[in-house]
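Note that the chains take the letters A, B, C, D, E and F in the order they are written out, and that residue 1 is the start of every chain.
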Amino acid sequence: MNFEHQLRVQDLNVRYAETIDEDRLESWPDFFRDDGRYLITTAENVAQKLPIGMMYATSRAMLRDRIKALRQANIYEAQRYRHVIGAPRLVEAGDGTLRARTSFMVARIMHSGETMLFATGCYDDCIVLDGDNAVFAEKTVIIDSRQVDTLLAIPL
Amino acid sequence: MTIAAGIRAWPSDQVTRVPYWIYSDAALYGEEMERVFRGDTWSFLCMEAELPRPNTYRTSFLGDMPVVVTRDKDGAVHAFENRCAHRGALLCHKERGEAKEIACVYHNWTYDLCGKLTGVAFRRGIAGKGGMPPESRPEQHAPRQLRVECFAGLVFGTLGRHTPPLETYLGAQIAPKIRRVMRAPVRLLGGYSQILQSNWKLYMENVKDSYHASLLHMFFTTFRLNRLSQKGGLVVSEDGGNHISYSMAAADAGKEYEKAGMRTANEGYALEAPELLKSVDEFGDGVGLQILSVFPGFVLQQIRNSLAVRRIVPLGVDRTELVWTIFGFETDDEALHELRLRQANLIGPAGFISMEDGAAVGFVQRGSRGAGGELSVVEMGGRGIGSEESRVSEAAVRGFWHAYRHHMGM
Amino acid sequence: MTIAAGIRAWPSDQVTRVPYWIYSDAALYGEEMERVFRGDTWSFLCMEAELPRPNTYRTSFLGDMPVVVTRDKDGAVHAFENRCAHRGALLCHKERGEAKEIACVYHNWTYDLCGKLTGVAFRRGIAGKGGMPPESRPEQHAPRQLRVECFAGLVFGTLGRHTPPLETYLGAQIAPKIRRVMRAPVRLLGGYSQILQSNWKLYMENVKDSYHASLLHMFFTTFRLNRLSQKGGLVVSEDGGNHISYSMAAADAGKEYEKAGMRTANEGYALEAPELLKSVDEFGDGVGLQILSVFPGFVLQQIRNSLAVRRIVPLGVDRTELVWTIFGFETDDEALHELRLRQANLIGPAGFISMEDGAAVGFVQRGSRGAGGELSVVEMGGRGIGSEESRVSEAAVRGFWHAYRHHMGM
Amino acid sequence: MTIAAGIRAWPSDQVTRVPYWIYSDAALYGEEMERVFRGDTWSFLCMEAELPRPNTYRTSFLGDMPVVVTRDKDGAVHAFENRCAHRGALLCHKERGEAKEIACVYHNWTYDLCGKLTGVAFRRGIAGKGGMPPESRPEQHAPRQLRVECFAGLVFGTLGRHTPPLETYLGAQIAPKIRRVMRAPVRLLGGYSQILQSNWKLYMENVKDSYHASLLHMFFTTFRLNRLSQKGGLVVSEDGGNHISYSMAAADAGKEYEKAGMRTANEGYALEAPELLKSVDEFGDGVGLQILSVFPGFVLQQIRNSLAVRRIVPLGVDRTELVWTIFGFETDDEALHELRLRQANLIGPAGFISMEDGAAVGFVQRGSRGAGGELSVVEMGGRGIGSEESRVSEAAVRGFWHAYRHHMGM
Amino acid sequence: MNFEHQLRVQDLNVRYAETIDEDRLESWPDFFRDDGRYLITTAENVAQKLPIGMMYATSRAMLRDRIKALRQANIYEAQRYRHVIGAPRLVEAGDGTLRARTSFMVARIMHSGETMLFATGCYDDCIVLDGDNAVFAEKTVIIDSRQVDTLLAIPL
Amino acid sequence: MNFEHQLRVQDLNVRYAETIDEDRLESWPDFFRDDGRYLITTAENVAQKLPIGMMYATSRAMLRDRIKALRQANIYEAQRYRHVIGAPRLVEAGDGTLRARTSFMVARIMHSGETMLFATGCYDDCIVLDGDNAVFAEKTVIIDSRQVDTLLAIPL
């Protein structure tokens, strides 16, 4: 295994999660390539080969629109996430890209303090390394449960 | 129907005022399961497409009661209680599957796909010892059969003895609007569910509330996907229980919201990737949005090219599961298919539009805590439950309460 | 006993039909705690081996009521409510421990190991100020003492005034079968507990249900550990509450299951590591399996060389904790000890056999939701509650309901 | 007040015995929300400092009922139900914020900061269609206004029609002790909350129980921060509902605890970092500890230089949130500020002292399960509810029950 | 500390957990040596030095039997796990084996979507490295709670 | 990024958490410098710039006092924690110290077996490396929720 890639992807994941957990959502799209693909779906849909997602974007612009809507249009109760992410399992795709599968748990904390285990699942990522930088060409968030409590406003 | 002991009385003869205890009374909730969901009403169970072949089944719910929906070897659809005749174990504990017969795991009693008890393990004992007395009639306790009707690819079921035929129940104005959407063989695109922290009725009111759409959902208004000032209408079935609300896709240039200074008006707000809202008039009638509901717990949605059915499963007096099934048609080309996937961003728990309904119903459940004795006001569009040209109306919400009181004998 | 207001009536004079509301009625649950668990019944509290020395204690439950079981300095075993006489705080908040006296943490009132209040902090105040009036008798509110009897290393307790002596309560046929298993000084091997998503009664029925064993538990059948066709029997105490079900180890070559086409028959299924099933006839009577239960909540298990006691702690109308304590004997040699550890794979939440009971009872709890008014069928082996040679019988389940109705006054 | 149907009777005419069902009866809990919290009592809502400027608001609770507390543009403080007049949604779903007006998110009805309904979206419809009938009076269903009084920087509210003026309610002996602590403009230091696994009353009893302090909290005793043998006293308001318990900072050299052999006595126990306990006599009266409570749910604490207000929010019959707000004064110098931060180690869920109250109330909730019919003993310091020089007394606890029975009509 | 060993064990844990979480249970025994020892017990039993376990195997064959029974004999509701695993703390045993202690949390997701924090605890492992390969000679799963909800069918 | 520092800090966190989770609390203060600063506060207090904490110590001696009180004075029900900790995000402060932000989830397990997700949040640490040793000069535990169930006896 390539230890450097291992640690770089781990670092990418940590910074990605921190950006969300600390509500710096405006920077979240920057973790993706211009034509980055982002999909949130369920293990059940994946198992049945059904394509629908809860969030689906095919460009960084669409990700920025998502955040803009959250900030300016959508109504939802103040809440934050806390990601805890496992170590990634990497497969070198050769073409300078890496495929990574990574398990996560996300707790959701309401402004009132109420906390729940909100989502568990795995990231199925395609990562592009160039130089010191690493971005997602594709990120598929496969949540284990088909149930979402109340709403899913903040990306996972 | 007689008034049950222990059901509180409706505060007036009107449906323009709703008492808040209706959302939090646990005893009432139990009565609702009996009188509404297991009474003379039709509940949506699943899509026919979820039973793709003979000898398939899918589990669902009639209110809080588990049911099995099957397609037998001849293609006929059946539904029955998901409860074994013997000691009451779930007969099917999977979401869906293939089966020629159903065997209860507990003592291996077997059923055919009509829910008929076909086998009792060791009924005659072993070597002449044990087993059931010859005169026993366990069949008398077989899972209750639901009356089932399929309409435009949707499977409905009822336990009520006096439930009218489905199409009559839907009403002359609603049934065609279901057919309108279900225009071709269905292609399932997937699904998910949303746990609502509220009583089930709050969600059904929300769906029937054409007044909130463009006030709560800024996304609607901002992009003029749906404004009350757009051409459209509100249709309520005679019994009040079923409704559609629709609006024409043609964006209006009206400034009513801006004049009224609504929070929901938001000039100079634009999408970097407007393709999200690209859509086609697949129904050829210019209707951009049609929300349709059937009492007590079914919703059929067309938001541009995003099509879905939603069914509610009450989980308790203050918790409800909303099950979404998103679909297109076998006839969809790649372009339309991709449109549907992209527009899925509008709906579901993460939907630019519908996420807010999840928040709103919870806000009412919590906001009305401590207000059991108070009344909410349902007077937009007057006091009637009739159809209207205007959607600045709560006629369909009043219709819901009209039907509710009828079934609850309140 | 008189029938309590608000307890629903039993639907007939038979125990061959059981109403489903019995598993979900919250008010009834409260009555059960009083009438069954704190009534004239014996509850298993712990093993004597869990009180290894004088001045040790262990916390346990009488239904949902916390109790302390102690061994005093002279080795006598006592049990009393785990509730302080003063304001009701738990007296012991640890699972087990050593103590010469017990001090409540809240205001430091002290008790001896019989549960007698021995000290009231600053009872006479300080410097003549404060404290209790001389005539106060806080002793009158001391934690209630349980009557305790130890039998074959098992500690039972009761609050009932008219509970018969333990051995009488067990019955002439059951008591010896406890002695049979408890053949030597106990060596504790460990424990764990299982949270059952069901009413407590569903688990007790499951244990008494000799009919299900080989139908639900394929592992039993496949490896012919227990088939209804094997030689064995079912013994029910006169009052119906206690039972044993047993079968001889000698594998039968019968083909009844195969003939009947049971799901549980599975030829050509073999273990790569058959040592899992290796066992010895430690009791010298060829009995390979003996399940014994005592009303309301005790189970003693011998599955080959796997020995365990189980007790239920009701956590609510639809939740139950099942506490397992696995044991062997001081006299075990290394080989037998290792057999017990290996055979532990058969039992508990991960047991090849008993994991399924955890699933089954939950299936009934959920399957019968919405069927409150329906009846389940308990007619295998007829209508009686007597002992039988055949285990294709629900006689012990009927016995349970017979005893239940007696104690509930239903 | 008349006795409500379904409220059980108090077992005697005394308050020296308390029935355990009082902590676990769900129906009673509902009545308490009405009669106690929404009755003729004052509930603490927040500190004035939490509304720092005009046009700010903070959400709070009156029992389990959500309320909004606001400071209007002129600086006046108001409080009203956090429930929209229309369908009952929460009006404010944030903890705190700035606002000139409040708009309900569901249908955009608007309110001023007094809770007056000021706007109904599209009340007259759009283009003459829809909207409300002219004669509609949604204003009649506006969120209920609380009567508000600010006292020494504390905001209290009531819904009761006959609640006496706040200062009268507090009583002549209690009011000055609030002023004593609130000696200067408040500087907020922060907060947190503690989820208590018990009925709300158990926490209020705990606070009023001067007897437990030095027996449960070894830290108190060991470091002679508070011993019952220290000079101090217990003051109970005439109606019994409010109290203070105080003790002088001067450490006594008494040996009562050692003599009595209390668990809480612990010679030769010392801190490596005694600066934790360094404190100054900021109030100039030598009082090192003053615990003050106001019926039903307010606590003001001075433990050396650690100052905090606590309010309870009942979450259910056996769950309570305790909200802590810790403060100092604008006039604090760096040294005093640092003292307060360091002494914060004594309080809150992690407090060397108060963590144990979280455990204790839970122990009673669980210890008394199964003891519904039994009585607890409240006889320290006699049977009265009057003030005492001695804190070896439960007079304030009896006072609580005296007030409780009055408001509950029991 | 030996960074390579650190990363290799971390990778072993990730692959182990992924195999379970993705229901590739047939491959699970391959993470063990032929005579591998697997025990699931509770912290309470360990503290009291009581030997009983919930699952106990002394060979890979017994692990295969476990999976076979799950697939062919045992009845239980469809469910999946999601492991999130901390970094291992390694002790070099010298003889080419490593002792590793690793904290884990496991969420259980029922087919219905219902999710719960099912088990927490630590792995006490003895790992054999040979060449690129790493397998468990011993794996003791010590769960913190003595309570198991409903049943424990899938290994931890 | 500095891989060695990454792994050393990860190892520090693992040993820190293990010391707490295995109830070796007497060794817990040794993870701090003599004048080490330890604070537990909430995200809400941090966001509002309010200084109060639930635990606050400015020296290792105060940490030892905390443990001593837990062992000898305080009354609370037997309970244990299980930490699962993400990878740290490091910032080299230059002066031989590192700043690290690390997400955590802590489950609390009562002696009865009852388990709950007790706390989530992040560690904001200042770490001093000298030679092989690494200690905390400052550790701020920012919990996401303002709510604490029952009590917070054991440090996080």
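Following the convention adopted for this analysis, contacts are C-beta pairs under 8 Å (C-beta built on N, C-alpha and C of every residue); 3 or more make two chains touch, one makes a residue touch a chain.
Predicted model, so just to flag it, every value in this text is computed and none were measured.
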Set of chains adjacent to subunit E and to subunit F: A, C
Reference subunit D; chain at largest CA-centroid distance: E
From subunit F, the most remote chain by mean C-alpha position: B
Geometric centre distance via CA averages, subunit F-subunit B, whole Å: 48
Rounded Å distance, subunit A centre to subunit B centre (Cα mean): 31
Separation of mean Cα positions, subunit C and subunit B [Å, integer]: 44
Junction residues of subunit D, two or more chains touched: 93, 95, 105, 193, 216, 356, 359-360
Residues of subunit F engaged with two or more neighbouring chains: 3, 44, 75, 77, 84-85, 87, 105, 111-113, 117, 146-147
Arrangement of touching chains [line / ring / star / complete / other]: other
Complete list of chain pairs which touch one another: A-B, A-D, A-E, A-F, B-C, B-D, B-E, C-D, C-E, C-F, D-F, E-F
Sites on subunit A touched by subunit F in the complex: 3-4, 7-8, 10-11, 13-15, 17-18, 21, 80, 82-85, 87, 105, 107, 109, 111-117
Parts of subunit D lying in touch with subunit B, wherever the complex brings them together: 33, 38, 62-66, 81-91, 93, 103, 105-108, 121-122, 125-127, 129-133, 136, 138, 141, 144
Footprint of subunit A on subunit F - complex, ascending: 1, 3, 6, 43-44, 84-89, 101, 103-105, 117, 120-122, 144-147
Subunit D contact footprint on subunit A (complex, rising order): 75, 77-78, 111-113
In the complex, subunit D residues that touch subunit F: 95, 188-197, 216, 218-219, 222, 266, 269, 271-273, 276, 321, 326, 337, 341-342, 344-345, 348-352, 355-356, 358-360, 362
